[in-house]
Amino acid sequence: MDVLLTGFDPFDGEDTNPSWDAAVAVKPTGYRLTTLRLPCAFGDSIAELREALATRYYDLVVSVGQAGGRTDFTLERVAVNLDDARIPDNTGAQPIDEPVVPGGPAAYFTGLPVKACVAALQAEDIPASVSQTAGTFVCNHVFYGLMHLVTTEHPGLRAGFVHVPLSPAQAEGRDLPSLPVETTAKALDLIIRTSLSTSVDLRITAGTLH
Amino acid sequence: MDVLLTGFDPFDGEDTNPSWDAAVAVKPTGYRLTTLRLPCAFGDSIAELREALATRYYDLVVSVGQAGGRTDFTLERVAVNLDDARIPDNTGAQPIDEPVVPGGPAAYFTGLPVKACVAALQAEDIPASVSQTAGTFVCNHVFYGLMHLVTTEHPGLRAGFVHVPLSPAQAEGRDLPSLPVETTAKALDLIIRTSLSTSVDLRITAGTLH
Amino acid sequence: MDVLLTGFDPFDGEDTNPSWDAAVAVKPTGYRLTTLRLPCAFGDSIAELREALATRYYDLVVSVGQAGGRTDFTLERVAVNLDDARIPDNTGAQPIDEPVVPGGPAAYFTGLPVKACVAALQAEDIPASVSQTAGTFVCNHVFYGLMHLVTTEHPGLRAGFVHVPLSPAQAEGRDLPSLPVETTAKALDLIIRTSLSTSVDLRITAGTLH
Amino acid sequence: MDVLLTGFDPFDGEDTNPSWDAAVAVKPTGYRLTTLRLPCAFGDSIAELREALATRYYDLVVSVGQAGGRTDFTLERVAVNLDDARIPDNTGAQPIDEPVVPGGPAAYFTGLPVKACVAALQAEDIPASVSQTAGTFVCNHVFYGLMHLVTTEHPGLRAGFVHVPLSPAQAEGRDLPSLPVETTAKALDLIIRTSLSTSVDLRITAGTLH
């Protein structure tokens, strides 16, 4: 099984991005892993992802982003057709209320078995939950772009997006939750293995009240 | 101008729901206000809302729900076609991964000028922001149902959803943010007036990084 | 009854400080109010407070500071004999692990009826709680200095410290709790009136598990 | 070197307490470890600790407690002479505003090199900080009792208190931070080793603004 795992460049003044640091620290067990570092940039990020998918066949694509302030690994459930950038991306672009794909549907649901992934992580004493929003910055942009590529160019490809907490070094002095990068790498491997081995997602609740 | 403002019954073991307590405390200035208390119940809530919309003409519908843990008034931007109940609703129903409307689109965007509303609240020293998820419980259910009714039965009707923080009494001893119900009532009036007077929303950023 | 209410200069890059903005917005009912704006500076802040207390008689002194991230009005219970500055004060001083008063006791308890104050605020639908730490920056410095002045120079003077949340303008875009300055001013008046009228504090729980 | 590491019984309706689960999972490297499980009970907890210290000589005592909601390992800096129980302890006792030790000083500072411990944890990619309050429940009670025992009966004994976050299983569905118990055990070993090898604490800032 061939798996593409993408992480991001650092952004927002950070020196590191745990999505990438953890991606390259994954020790794949039972699958072939390709890692791809995406720029934190509207447009270019999807273009690079599109090219990677056009160049080689993958059974699974997991895109990963940093979510400062979140307490656990969050399996994103829905990508929204909206760019609304609170800060400029790494190229200085700051779209406001523009669609990721003009004319695309308002949203796509993930292709990952998000509940089976949460259960697998929790079984290993790793905190995890399902998230109902990937925001409106480059993470959601890539997530929506990925699901649009699946729908329009790679039907049947299993794909989705995961947000990871800050690393302890990033959280220092800011009273924000964090997890060791080693734990994040272990979590990404578990998410990949669970996604490869699960054909029908679990029917357990993982919703939020608001 | 005729405005329908809906709040909810208390749920999750609470005795009160600030969405309703504040709705009935609104002092309308320049519009006629009808308030409707919806049951915290999948299905029935939308049915009651549908009947209210069928019975009388409204220029604007604002549905309001309680969001325990949020720090400010959140103008919801997107409703998702998904019920995933972490807890049972007030009738004991607990749907998991079911669509609000079978065959409906994955999501609807709000019909409210959410950014103009946020700006109007901030100008009055009231904390507010745009939210990218209304969750997957009865609030999102009503929001999606409302936008589906607008699309299919009441085209042109301006409508949307707002989440309000807990009241101070609810937050007591739980280290959760809260706002006085008087402030919430003032906020709802401002949201209504801004929605009635704004034809094109402001083009300012109100996105989230994740 | 003569009351001294102190607030602080803005610090940490902020343009405003709600402790001061609210102090000057208090409308005193039944007491004479003097307000004093303290510099956000180790040493100088206590010196100015000491001078104010030496110049005129007060029945009550309430010092107020800003607590970014807190959800409610927090009546501080204990001042610690320790300066440990995460950031420089407004004069550039950044003491690390130094006593506020060399040779002073490790801590002083507040002289305010903190539980009666919390109850009075909650009765007016204003969120409040007791806090067990005022930090180790200038707020705790002033609180400790104030209680030391009471002990050594003004025995019998009722005095204490209150932290207030950010204003909505300060919290904008940062996902931090905030309260309107109008609410903060109302809260400070209630705290003053309750402190003046309460001789024995209520015996209700207001502790924290950690 | 002989080290006593104490954890607590589960409390507040929990089935587990990570302070104990991690304590027994510590693999000591370079010291002899004794673990002691304390009851979550005012009075009895200190009595059992006192007996343990009377029975055998220790070079270091580290008491550990659970801090639900905290994001990292927190080295407690100050113990306060105050019991104020928000909930009953495991025996049903709920003291309000009573001293831990009648006539004792208002507070004791920790005997651990808390900043060296924080630095050692961060160097291993483990999140940590110094805390200025251990609350007013059984954790602070034990911490104050321990420091009082050191002062009155075991002068020279190095001792202190550490709070640890929830385990992932405890945090499930509650949107609270957590860390794997394996990480907590690793952190406790590092804290012990750093405390044994550090004679003078680091002079780096670890304070809080409030």
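Worth a mention:
As written, the chains take the letters A, B, C and D, and residue 1 is the first residue of each chain.
Here, contacts are C-beta pairs under 8 Å (C-beta built on N, C-alpha and C of every residue); 3 or more make two chains touch, one makes a residue touch a chain.
In this text the structure is predicted, and so the values were computed from the model without any measurement.
In summary, the chains found to touch both chain C and chain D are A, B. Under the contact definition, chain A and chain D share the contacting chains B, C. Using CA-based centroids throughout, the chain positioned farthest away from chain C is A. Here the spacing of chain B and chain D, counted between their Cα centres, is 44 Å. Computed centre separation for the pair chain A/chain B is 29 angstrom, with centres defined by C-alpha atoms.
Separating the CA-averaged centres of chain B and chain C is a span of 37 Å. Shared interface positions of chain B, i.e. residues touching 2 or more other chains, are given as 69, 86, 173, 175.
Considering their complex, residues 69, 86, 173, 175 of chain B touch chain D.
Taken together, the chain A residues at the contact with chain B in this complex read 12, 65-70, 77-78, 80, 82-87, 94, 96-97, 105-109, 130, 132-137, 139-140, 163, 201, 203-210.
On the side of chain D, the complex with chain A involves touching residues 71-72, 122, 125-129, 167-169, 171-173, 175-183.
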